[in-house]
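Here it is, the structure in full.
Letters are used for the chains, namely A, B, C and D, taken in the order the chains are written, and counting of residues starts over at 1 for each.
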Amino acid sequence: MSIRVTVWGENVHEHKNKVVAQVYPKTMHGTIAEALNGTDGITASTVTLQDPEHGLTAAKLAETDVLVWWGHAAHGDVQDEIVERVCNAVWGGMGMIFLHSAHFAKPFKRLMGAPCNLTWREAGERERLWVTSRQHPIAAGLPDHFELEHEEMYGEPFGVPEPLETVFISWFAGGEVFRSGLTYRRGAGNIFYFRPGHETYPTYHDANVQRVIRNAVHWAHNPMPRIRNPNDAPNTPVTAALEPIVERGPRLHHDGEEGFR
Amino acid sequence: MSIRVTVWGENVHEHKNKVVAQVYPKTMHGTIAEALNGTDGITASTVTLQDPEHGLTAAKLAETDVLVWWGHAAHGDVQDEIVERVCNAVWGGMGMIFLHSAHFAKPFKRLMGAPCNLTWREAGERERLWVTSRQHPIAAGLPDHFELEHEEMYGEPFGVPEPLETVFISWFAGGEVFRSGLTYRRGAGNIFYFRPGHETYPTYHDANVQRVIRNAVHWAHNPMPRIRNPNDAPNTPVTAALEPIVERGPRLHHDGEEGFR
Amino acid sequence: MSIRVTVWGENVHEHKNKVVAQVYPKTMHGTIAEALNGTDGITASTVTLQDPEHGLTAAKLAETDVLVWWGHAAHGDVQDEIVERVCNAVWGGMGMIFLHSAHFAKPFKRLMGAPCNLTWREAGERERLWVTSRQHPIAAGLPDHFELEHEEMYGEPFGVPEPLETVFISWFAGGEVFRSGLTYRRGAGNIFYFRPGHETYPTYHDANVQRVIRNAVHWAHNPMPRIRNPNDAPNTPVTAALEPIVERGPRLHHDGEEGFR
Amino acid sequence: MSIRVTVWGENVHEHKNKVVAQVYPKTMHGTIAEALNGTDGITASTVTLQDPEHGLTAAKLAETDVLVWWGHAAHGDVQDEIVERVCNAVWGGMGMIFLHSAHFAKPFKRLMGAPCNLTWREAGERERLWVTSRQHPIAAGLPDHFELEHEEMYGEPFGVPEPLETVFISWFAGGEVFRSGLTYRRGAGNIFYFRPGHETYPTYHDANVQRVIRNAVHWAHNPMPRIRNPNDAPNTPVTAALEPIVERGPRLHHDGEEGFR
């Protein structure tokens, strides 16, 4: 069965900025979805900020195996209720890929529990990504490094938690470095952050970048059933204890009662 | 100079529940602060949920090196604004220790980015904590295991991210296990979660438990200056680039402009 | 294409000890291989300590995707040269699963760089394994815990490095706990340690245990090409630098020369 | 009490190469020890490859809190027995700092369990180290980046296990990046790898480099008692079990017997 990917696009600069419109005549999310679609058993669709519920209804998330997120100008317009819904889907097992300026997207910050800040410069400078974990599935089919001739610079320190794995590190012509590919797990969900993708450059048309995103979709996909209530904290009463124990001492709760939240 | 610890107490059950009041006549936070105070160069004070701004004013956090948090019945009463303030202090370098039912405290969930759920049973059963990282500073002076004769059970799976280090794992008489001591770093702040401490049992009078919390205070303390704006994402203009580069291609931002959030 | 698994068996107690011979009439490695064979696209074969080169010729390793290792009484009989060959295969991308007493196998100790010690007791006591990482691929299809009625006890502290992920933790009737399922990566190779499997008990006939090993084979399998010389440290001469640089200052080496080892 | 540091120097190029002799008239290890000595409560001494037992007698290791290691040309001359002795000291709690070309030193490879390889170029090019973990104790007192005008290049992929923390990443003028500061724990010992320090450049005279090494000494120092037998795997007989259990089923071992190795 194919992996169902939803590409979430902020969909703002494509319509307000001539350069972006020219570079991405099919929109950014449309370009990314097209690059994924039909390859390697992936079926990709798109939703946008402007859709009802930002396109991320409970039904849509239920049929999304991996969610790809690009946002920049309108992070603040994303409703907190939808952010919680997305995080719950991740905790239940949905994979998620955050691209570039999504380092400041609400769901990324929520899942990291950290500032997620960095330094930046918009000068169309050269970026070179180095693979730091040889033969990692997200680096499959890539050379040990590849270049993007024009990119925005992101520099360290990058305010994220220590990742499970560092897959890419970027070199920038202006003198900075950046951890460009990082893996995390939150609940049952696999998360990948991938740095490149400033909207005024043709980054998502690049074959290596498309390859990374495709690989990451496969890596992030958790084929096991989605956990329905990923926040449940069930009580195990004494009578159901796996080893015979006798209740002792005072209690605050009664059997079957829900805990405090 | 001594380490300034603030013990945050929910301060509810001590006044509503006779058992808790008898076990902790000086309140739970008071008992913990007393155990820390004057030892090993620690100066501890207490604040509570009922204080203005829950006792966590900007001034109080600025003079807190390590914050200890115990809450259970009233997680939902903690204002979101204060939660963000606490998280910012952590990201800036304040140490933080979460105790027992604080696994569901708002700042813990916010810093973990994960469900933080577990299974539980209130039966006064035996808990035995095993040291899993020998000679770890948080286990200094402890035997390789110690027991609490009456405790609430918390069972795996514990819905937290992979920690930096697992320091303790608990065995429960009823058949469960739990990762009882976990370290994390978020921004410049060191975080320790420590499991024991149900309010109806005399856990915080236990010498080993007190020792762990004292050790954790020392471990979590970051003596470097607090970062004032831990979320800053500064622009580095082309003219200030460390290597000579020439601006190329189109731009969205002007020099010195703030990025989107 | 199916995953080629080689099960390495020490093959000593099956022939010297009547109990083991009765529990495993087809040998331990034979039992494990049979449980893997033909399922989920796995093809399993066996080799033993007594085979020439312990069955681990360069040719055999080249056609092994995942190596499963069980040893206990004769760790010291494994030749160091074969150990290095196995480690090189792992670094090049071969997956590896270490079972039970293989915590003291030479290749495990070599790959961990740590003591790998623990406490133990042979009393046929109950072990209960808890899943600590929900919906992890190695826990696919398992309940949140399962029991082995008779097992040897292994207790913490377990002298291994912090793992990438903790997948299982065991509870023992005698009062101990143990991190029973741990993942690592060394070079391009995925490594899984799985605790159960004392030779006098029918552990490898257990359906849940077989399931874990099968899952681990899939998890450990790296489908990318094996790295031929995983220890290579190539010189990149100035003339081949990716950015134009001019050689400056004194040198120890000449272009193309190999570095020191 | 002051921290007792031993700086181990290979001590070859200082005597064979005029450039190195001129840059380090007091030898490399002598220069490093001098930079540490008397500062921040550190007492540093030196030993060399040419000393009996390479200067690393059991007595010397017993009174070494943190061992600093620089080697390059003569890795192969270090006796395996001494390597095991050093690793045992680390597992018992001795801190250890590996500098530059010590990425291929026997004890580093032994402790990592990985190839530890990289790419390299000796062109006296500019290296810029970026702090990736703000306010980390090893980065105390440093700016967010610092430069070494002439250094050997080391490039990714660096064949080491995922570290506990990435503290520095280097940018090189020729286009490469490298994880320059990495922390690990093996047994009770804290390990730090720090990249800079090619012998033909004055790197160890640099104030920032000296500061990093000093900070790392404090970070690596484990003040708890050294574990005497860090490889012990003690048997816990049934009669000493913490919970009452009855021995069941067949056994291989007798009470108090040592396990297999």
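As a working rule, a contact is a pair of C-beta atoms (placed from the backbone, for glycine too) under 8 Å apart; a residue touches a chain by one contact, two chains touch by 3 or more.
Being a predicted model, the structure only gives us computed values, none of them experimental.
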With centres defined as the mean of Cα atoms, the chain at greatest distance from subunit D is chain A
Tell me which of A-C and A-D has more C-beta pairs in contact. A-D
Rounded to the nearest Å, the gap separating the Cα centres of subunit A and subunit C is 31
Intercentroid distance (Cα basis), subunit B paired with subunit A, Å: 27
Indicate the whole-number Å distance between the mean C-alpha point of subunit A and the mean C-alpha point of subunit D. 36
Which positions in subunit A are in touch with at least two other chains? 128, 133-134, 155, 159, 162, 164-165, 173, 175-176, 185, 187, 242-243
Listed in rising order, the residues of subunit B that touch subunit C in the complex are 128, 130-134, 144, 155-159, 162, 164-166, 169-172, 175-177, 179
Which residues of subunit D touch subunit B in their complex? 93, 128, 133-137, 140, 145, 147, 164-165, 173, 185, 187-188, 222-225, 227, 242-243
If you look only at subunit B, which of its residues touch subunit A in the complex? 13, 17, 19, 72-76, 87, 91, 101, 104, 110-115, 117-125, 150, 153, 155, 159, 161-162, 164, 173-176, 184-187, 199-201, 230-238, 241-243, 245-253, 259-261
